[in-house]
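To start, I am sharing the structure in question, which I have written as structure tokens.
As written, the chains take the letters A, B and C, and residue 1 is the first residue of each chain.
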Amino acid sequence: CVWCEDLQKCRLAVCFVWQIAMIILFGIFIRYNEESDAHWIEHKTSKNISSNIENDYYFRYPSFQDVHVMIFVGFGFLMTFLKRYSFGAVGFNFLIAGFGLQWALLMQGWFHSLDPMDGKIKIGVESMINADFCVASCLIAYGAVLGKVSPVQLMVMTLFGVTLYAVEEYIILSLIHARDAGGSMVIHTFGAYYGLSISWMLYRPNLDQSKHRIGSVYHSDVFAMIGTLFLWMFWPSFNSAISDHGDGQHRAAINTYLSLAATVLTALAISSLSQKTGKLDMVHIQNATLAGGVAVGTAAEFMLMPYGSLIVGFCCGIISTLGYIYITPFMEKYLKIHDTCGIHNLHAMPGVIGGIVGAITAAAASEDVYGKEGLMNTFDFTGEWKEMVPTRQGGHQAAGLCVALCFGIGGGIIVGCILRLPIWGDAPDNSCFDDEIYWEFKQSMFGPTQYCEYCGDSMAPSPPLKCCGCVSSGLPR
Amino acid sequence: CVWCEDLQKCRLAVCFVWQIAMIILFGIFIRYNEESDAHWIEHKTSKNISSNIENDYYFRYPSFQDVHVMIFVGFGFLMTFLKRYSFGAVGFNFLIAGFGLQWALLMQGWFHSLDPMDGKIKIGVESMINADFCVASCLIAYGAVLGKVSPVQLMVMTLFGVTLYAVEEYIILSLIHARDAGGSMVIHTFGAYYGLSISWMLYRPNLDQSKHRIGSVYHSDVFAMIGTLFLWMFWPSFNSAISDHGDGQHRAAINTYLSLAATVLTALAISSLSQKTGKLDMVHIQNATLAGGVAVGTAAEFMLMPYGSLIVGFCCGIISTLGYIYITPFMEKYLKIHDTCGIHNLHAMPGVIGGIVGAITAAAASEDVYGKEGLMNTFDFTGEWKEMVPTRQGGHQAAGLCVALCFGIGGGIIVGCILRLPIWGDAPDNSCFDDEIYWEFKQSMFGPTQYCEYCGDSMAPSPPLKCCGCVSSGLPR
Amino acid sequence: CVWCEDLQKCRLAVCFVWQIAMIILFGIFIRYNEESDAHWIEHKTSKNISSNIENDYYFRYPSFQDVHVMIFVGFGFLMTFLKRYSFGAVGFNFLIAGFGLQWALLMQGWFHSLDPMDGKIKIGVESMINADFCVASCLIAYGAVLGKVSPVQLMVMTLFGVTLYAVEEYIILSLIHARDAGGSMVIHTFGAYYGLSISWMLYRPNLDQSKHRIGSVYHSDVFAMIGTLFLWMFWPSFNSAISDHGDGQHRAAINTYLSLAATVLTALAISSLSQKTGKLDMVHIQNATLAGGVAVGTAAEFMLMPYGSLIVGFCCGIISTLGYIYITPFMEKYLKIHDTCGIHNLHAMPGVIGGIVGAITAAAASEDVYGKEGLMNTFDFTGEWKEMVPTRQGGHQAAGLCVALCFGIGGGIIVGCILRLPIWGDAPDNSCFDDEIYWEFKQSMFGPTQYCEYCGDSMAPSPPLKCCGCVSSGLPR
């Protein structure tokens, strides 16, 4: 590289350039919408809105903040479980999200909220939620490649991921007119297959060299539980954040709450039943307990009924936990797909189930259950979709699921090819899952001791690198 | 057990069966209420409601999410302080809550929101808050037996706890017509005495064998502070979550905010004064600082006045901290009640104080202070309680407190007897407070080193089991 | 001291006395405001308010809770990065906040919400937010002296800090009529210079003796990320919490969201570019990523435009990170100001920038952009300020910034002098940044092992004090 001496720096300087591009594009395209512009007071009078409280902000802002917590703390901490990759988990998660959400505002704006009057994108609280949603799909994909890619690769992955997401979302929601409030298809199915395809393309046959770093220590598992719980608790807000005002948001929250509760029980039961000793596995508790929230995403705003939500959660808890036990090792061994966080079990399978549940629920909708106006409202049978009927809507939902799958797998393969180029500075096979190659570790941080190459415990500084335990017991390994 | 080879598995498979039962019962009984049903739009027109924002969802959902965080992160992390029981604290807390809230929706529904028209329970956001409240009482009880019971025992405890709670709540709130927005009596007094009675019935004379595991390490105490702070911060939402729309919720939040602030100061002062060296004790900071929130629960929605809240917080900070110093050791030594988290100091005593404060505040209410309509609204002097007067209301409040105490102690003794049956697979006396008997610890988790039997520090793997420090210093213990 | 045998105790007993004084003052002065008083129902009728949802509580309570989380978890955990001062960080943060918010309610009440009719201060949800804001400025100041002062010194610092804040806020917002919704000037500039001046007055030439304890360990850095993320996520609520209902809050949230996203990218880029190896520094990620939220505080509610927010965030990410690299060491070496958390980079510089941005944005405001009514509303050109024009408003904003600076520096120097009196029991130079002098460490906490004096790792208990690594490698260090 003739630009600078050090390649790593050159790569991260991209952030800098990118941010300037964002400022210019935002300057050209992005403006406040009617509800966040100072003209709101005039708009209010002209639309005969009686009170400030009817500003969309008050309908959606609490949910937005919950979603925000899921993106940054939820996803970030969920991935801290690795014993030596907590900085990378939470730090790169932060980078991806901060980077992705700006691009998402632009891409989604071009497709969804371009004002034909002045050619500007008008943003408000709903745009922020949608940008967070879009970023979520990229963070899901990050779960599959956690510890194996460089920050620059992550940014490329996010750049394309957001772009693909915006297109796919436009096709599914606007062209096909599928409904997907909680994003089972749009976010989870797409994000997970996108990540898995990339991980497949970036398969490292010699990853065994970093095998001793895959795994947790006691406190890293507790940190991961922070992520799990914030995701779990706020999932009702995630699924209800952009559904219809009033009963739509209310119902979506209830359905998600119930589905998640059921998942906890079945995930624990299967986790215990699968072990000879009947003990519980922390990996299942951290991940499989969340599957119910994914699977109820599409149908959350429909009249799924409380028992329907429980059934969805019940099934997903089983499937997801079994996935961790059987499918993840199978995929690694036979399909050459290494999935660090098991996103196939947490997002891909439950996402597909969610799409199917959504299609069935939509197809089964009737005026009896929803009421005439309720049906129209819930499925948005207005404007050009005035003649739509529930059974056909079910078909459209299924079509949406297929689009999400195609975009995820296809996009992932293409982006994976790009990421295989040898210019991105990814870690060598024996330095994966290791914070030290991307993060400055101060001398004072561990003092003279470092971490044992064999077991990750603190060790004597002079070679051979062994931990105190190994040293004092004279164990060769 | 003839059902399966492994007893532990058999026990946890109960989760599975239970969840199926839940689905069936939900199918028969539970439906959306008017505000979460798709017919809301018609309901809105018929009731002349002008805007979607008047859906109860927008009044209560932000508080619901805060309560949800308290239940899962607050209670869960508060109990992670033990050096080797963090998985159990946060994991079993998760299990109990996920299990209990479904059963609570049913039990509370049968008593409170059964629609006489169609025999269905109609749920909405308030039902979810109430289910979380109900679960809170079981989690409080868990605090007393933390580390000493098996997951199956916890589930039995939760099953009966929720049932008792629903009955007790019905008697106190509906039959006696006591007011208890923040649940000082209904949640805290009941939950704490329920847990203490169970702990008394399950007393282990030889618990000394696990004594070295009772206590914290540096980082486990920091984890516990996460729990403390989320409980502390969101307590105003807890106490205001189900109080009256408008001034009721507003006032409850202010009172709780003030009471908690006062508690912090007196808890710290007493903690420092009680030590010879004047140092602070982390146990007091983690727990006693919360007592003010418990004690102001009942009276939070009344006109307690800001200084009244401060007085309540002031007293509870003192009493709770002194409880940790004097009463907990006393109870263990003389009453044979081992209380792992000190719930007697954090929930039982402040809960009783809260009930008394509520009774006094209610009895002292007057039209001067509340206004005519305000008095009627705050105490719900409508319908069959139209003739009620504040002084009599004070008596009813006191009666409510007695009912909570009776249910807690009586129920706890009965359930404790059931839990003494030798079929529940609880840990032996020398394996209490230890995650390893219920959680799969992977080899990679600690590498060749394990934890010292004496001090909990990392150690050499070969016998005798001593930590590096012990090894190199040659200390026998 | 003739009052008690032990000085430390005597000092902390001050809490006790102080709390009693608070109760008396609250009894004399503080009452509920119209929206939290039981007379609300009558007030509603008389003011023709149609629904309970128009109670200010529903406009501001979700934001209040987010701010509350920032104060207690955000600031508290951000400071846990030190390897041996996590208890002090989160515990004393708790103490300061609990102590300060009561005094803030009184001080701010006297200046802002004294009811002339009855001489009482009327509090509501906005008062609680303002009290939290006031406390924030003291917690910022704490960042500069973290680990070097005693709890009693902190309380004195908070007592004067809150008092100064209330006066300064009154001058800036009421007398000068500057606008400062997110407190760039009032909170951040004041708080940071207040803390830095105190740190300057308390400069310890021999702090080198505690140098080995300045620095983090792996998990303490992960704890600090909890603080960072909760601050980052909830900053939009901070800046919008007390801005105007409707578009004001909406716009403030959007601007802050965007500014913070831009800061993440530039902070990471500069962090990487500044290191020879191109690695990232956790200190920058934990702190500099937040600068954008500070700098957009004043202008958040103005029509800063989305690209304007990005520009502010962009610049602050650069300046703040460079501050950590160049200015902090410079200040310590040449100006004798030791700034433990680098508040000069996170709060002082961005706060000043925020004030300037606010002044420019205000001066550039026009009816074109805001609309006639919008301009009047946003800048509150009503009552005695009816004749105000934007250009002059810009001047007033700049004047406000100067007042904040003067109060911060002047107040800090005076309070610093008071804190130099030898009666406050601060730690000796070789015991700074050490929890053990203020917190009771139980024997069981670390068992026979203790921490190495040299590297902070666990060590053998007998002298010479070395960690296992040092022992087994024979390093003298």
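What we mean here is this: a residue touches a chain if its C-beta (ideal position, glycine included) is under 8 Å from a C-beta of that chain, and two chains touch if they have at least 3 such contacts.
These numbers come from a predicted model, not from an experiment.
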| item | value |
| --- | --- |
| Superposing rotation of subunit A relative to subunit C, computed on C-alpha atoms, to nearest 5° | 120 |
| Classification of the subunit A:subunit B interface as same or different, half of numbers criterion | different |
| Between subunit B and subunit A, distance of the C-alpha-averaged centres to the nearest whole Å | 32 |
| Subunit A residues counted as touching two or more neighbouring chains | 50-51, 53, 58, 62, 219, 226, 458, 468, 472 |
| Complex contacts: residues of subunit B adjacent to subunit C | 50-51, 53-54, 58-59, 62-63, 66, 212, 214-219, 221-222, 225-226, 229-230, 232-234, 236-237, 245-247, 249-251, 253-254, 257-258, 260-266, 268-270, 272-273, 275-282, 285, 289, 303, 305-307, 310-311, 314, 369-371, 373-375, 377-378, 452, 454-458, 467-470, 472-473, 475, 477 |
| Subunit B contact footprint on subunit C (complex, rising order) | 6-9, 11-16, 18-20, 22-24, 26-27, 30-32, 35-42, 44, 50-53, 55-58, 61-62, 65, 68-69, 72-73, 76-77, 80, 86-87, 90-91, 94-95, 97-99, 101-102, 123-125, 128, 151, 219, 223, 226, 437-440, 442, 444-450, 458-462, 468, 471-472 |
